[in-house]
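A short worksheet on the structure shown next.
All chains are identified by letter, namely A, B and C, in their written order; residue positions are counted from 1 within each chain.
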């Protein structure tokens, strides 16, 4: 991360760099309190147990809200708390789903989306700006275009006398952990018998799509997973993820034959070509991606219990006609994001037991 | 409406066009559920009975909120619901009054006003963007610059497994039904004995002002109405409305003599020249509209029980000095918008009986 | 203030100017109701008694919210009210602290921050725009770049049949009364025995910093105050304030020796160089301000019970290392702003007695 412009002296920058460059497993403890999740920054913070608990909690919150009195109960839990949604990048669904998740638990939301309206113009350091949030709110949910920025915010706040939890809502190209959580939740919810032992086919831009990359990390927590990758040559899954899969003994294969792969898949995870990353060169435009579109032909071959996911937004890779098929779960996946985020916030505020105990 | 840029295949576009081009009376049933209002898109959805019920409900909600316990009751009704305010056009009062109406009923409001901060930039189809809202919210309130867009949003959502109601908060130059509702509510509230049998004088830009046009449609639900139109030649009421009045046997006259017309009017409905519609040519600037301003001289001639309305914002057509006269009801008209919109939302959510029964 | 573009006729403008140009003490009564504060526009509206009561109320609200049931009590008080936050200038902390203060008392917040999305584009007068707010909300909190604008808004609303209170959240370069209130609250809270009899050292840009200027006005309400000013020659405290201090027998001295002054200070009030006011000339850049930075060397000389304040945002004038010292109260000062603003709103709505009586 670039150094903030002002109030940035060597000493503080050096401390940050020393922290930032430590191996992830050494840094993680800073983001927990007494073994419980405090800041949610990395997919790697989650274990099988914590994932299972989170999914269970999300299911429980859904069922509680079948009645208005259940809504009232959940909304009473954090009605005295405020969350800052600090989004430096365009976003519809991550923003709306976090905002809705806050509503479910009664949190009031303060927003900063247009950085021009904030005091950054007066030359304040980013560390100070973030610390200011903690004067007024009880939770910071942050999307930032600079990789590492959300981690720095969390590191900075943890060094003050009034830290508040930070949730990473998308940080540069590297991490988007709550997207991975909602994918896991969706797979678990709609795959018969859950995720263990299932075959997952990932399709599209596997090189730059941070959702498939994050999901691959989380899948190590499940047993008997088999992965297939179908991507244009230019967008194949990268060596770092393949190494990770090898180290964790997760079998995978790469294929050009989407039809055949669909036939064997329990879940098909579609993605769009991320051409916003190469606007200048326009490289993506020259590549024929139509072989990696999911059409009626593929739907016909998908097993009866198979499901289709997509992180959305989509372009041409899935035709809207597919939406009407019972196996197309991507719109439900989108809504699941609201519930798993509500469960995450409840967990961070130590409310899991109280919610599970609710009659 | 122009076709969305992506994910728009001929089949879906064709289905939309086929629907859109059907006569209004054939389309209306889609926007009701079991005879009850679901989507509010067109003035033509309202009957005398539904208008009367809406006005009664708005009055009842006002009186309930004379006490804090009444506010609490109303706010409890939809405190578990969320509304999306999606406004692609500048608006102060429509936006604020809907937002306030939501507050009265306890709904939380999510906003999209600056389209740059949403995912449209990633090439998502508008159909998908709207469907995304329905994943998170329970009501969509939408102002859009493209005529037909709000209807398309509603049509699209009605075809999904999770439709939510849509309220048209102003769609292109064609429809602004909740403005017409607040005008009806205001006329009924401040005209002695209600609207039936009254003489209404409409003044100003009758050609392009969508409020006077929408109001004319709704007036067919009342008996004994007489209309007068006073407008510069270039901005006279258009033949489509005059035809409509003829078909419904509503007598009208056109006049150049504002003073004489005011003397006979029960209600004077003032409007501003809509010159934002001809910025390039600047035609409006060349026309002398001062003959159609309401001044002290007109106030002196207005009957004792006469009232003056204006949809606001105004420019020079009514001097602020007029505001202090008891018969100038336009500021109360503005506030009435909040109440009638609250009543509309309550109706859509099936709360009418519950509110009327409240002690 | 410049005349609004439209609907602005000589008569109304003249009435406003006649009011605006009256001496402050003649204008003040308009902003009270039965002796109680209604509009909060000027630091000069506060007396020793009202300042003490406000600080007591803020303390009480803090202690009430130590328990969730206390939060619930406070939030119930104004849960049926709405506040408009109308900010025409960038602001982070004033905006967030007012928004949070509203949440503490249960008020819903409507925001106008991006003037492009409001109806001003249609040529509405500013008087009408402000009056529109009062149709929907119960309180207007306003920051505006034009000096006098907030006063005009308040004057205009007070002349209507539905006035609502107005709070000045920063008006041009002249007044920022709630900043002065939070400074007084902070000084009283962390100085042993309160403000009376204390020595206060103000450092930095004393010419243009509206916070030090406003604070100087309020200090006349305390006894035995002694002031020191340490500023670059170009940014010395201005004659109008020095005259004011002379008239109120408040002793002061100007000094170049920051170290010696710190040694004798009970409170050091640091400020940043306000170079946003001279962007074009860049004069501030040429002046060496480093002599007026607070460093470890100064911290070593600060008395044991001394405290350091800063209105924030800061740049280089205080190094972040100082933050860890117990005597650096500026981050708590920032948070105090939320509490004193909550107390101010409660006072305006006549809730002081009810809150103080809360068990």
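Convention: a contact is a pair of C-beta atoms (placed from the backbone, for glycine too) under 8 Å apart; a residue touches a chain by one contact, two chains touch by 3 or more.
Just so we're clear, the structure is a prediction, and the values are computed from it rather than from any experiment.
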Through what angle, between 0 and 180°, must chain A be rotated so its C-alpha atoms fit those of chain B, rounded to a multiple of 5?
120
Interface residue overlap between copies chain B and chain C, same or different (over half shared)
different
Where the CA atoms of chain B average out and where those of chain C average out, how many Å apart are those spots?
40
For chain B, jot down the residues that touch at least 2 other chains.
114
Contact set on chain B toward chain A in their complex:
6-7, 9, 11-12, 79-80, 82, 84, 108, 110, 112, 114, 116-125, 127-129, 131-133, 135-137, 160-162
Across the complex, what residues on chain A touch chain B?
65, 68, 71-72, 75, 87, 90-93, 95-97, 99-100, 103, 113-114, 272, 276, 312-316, 319-321, 323, 331, 334-335, 338
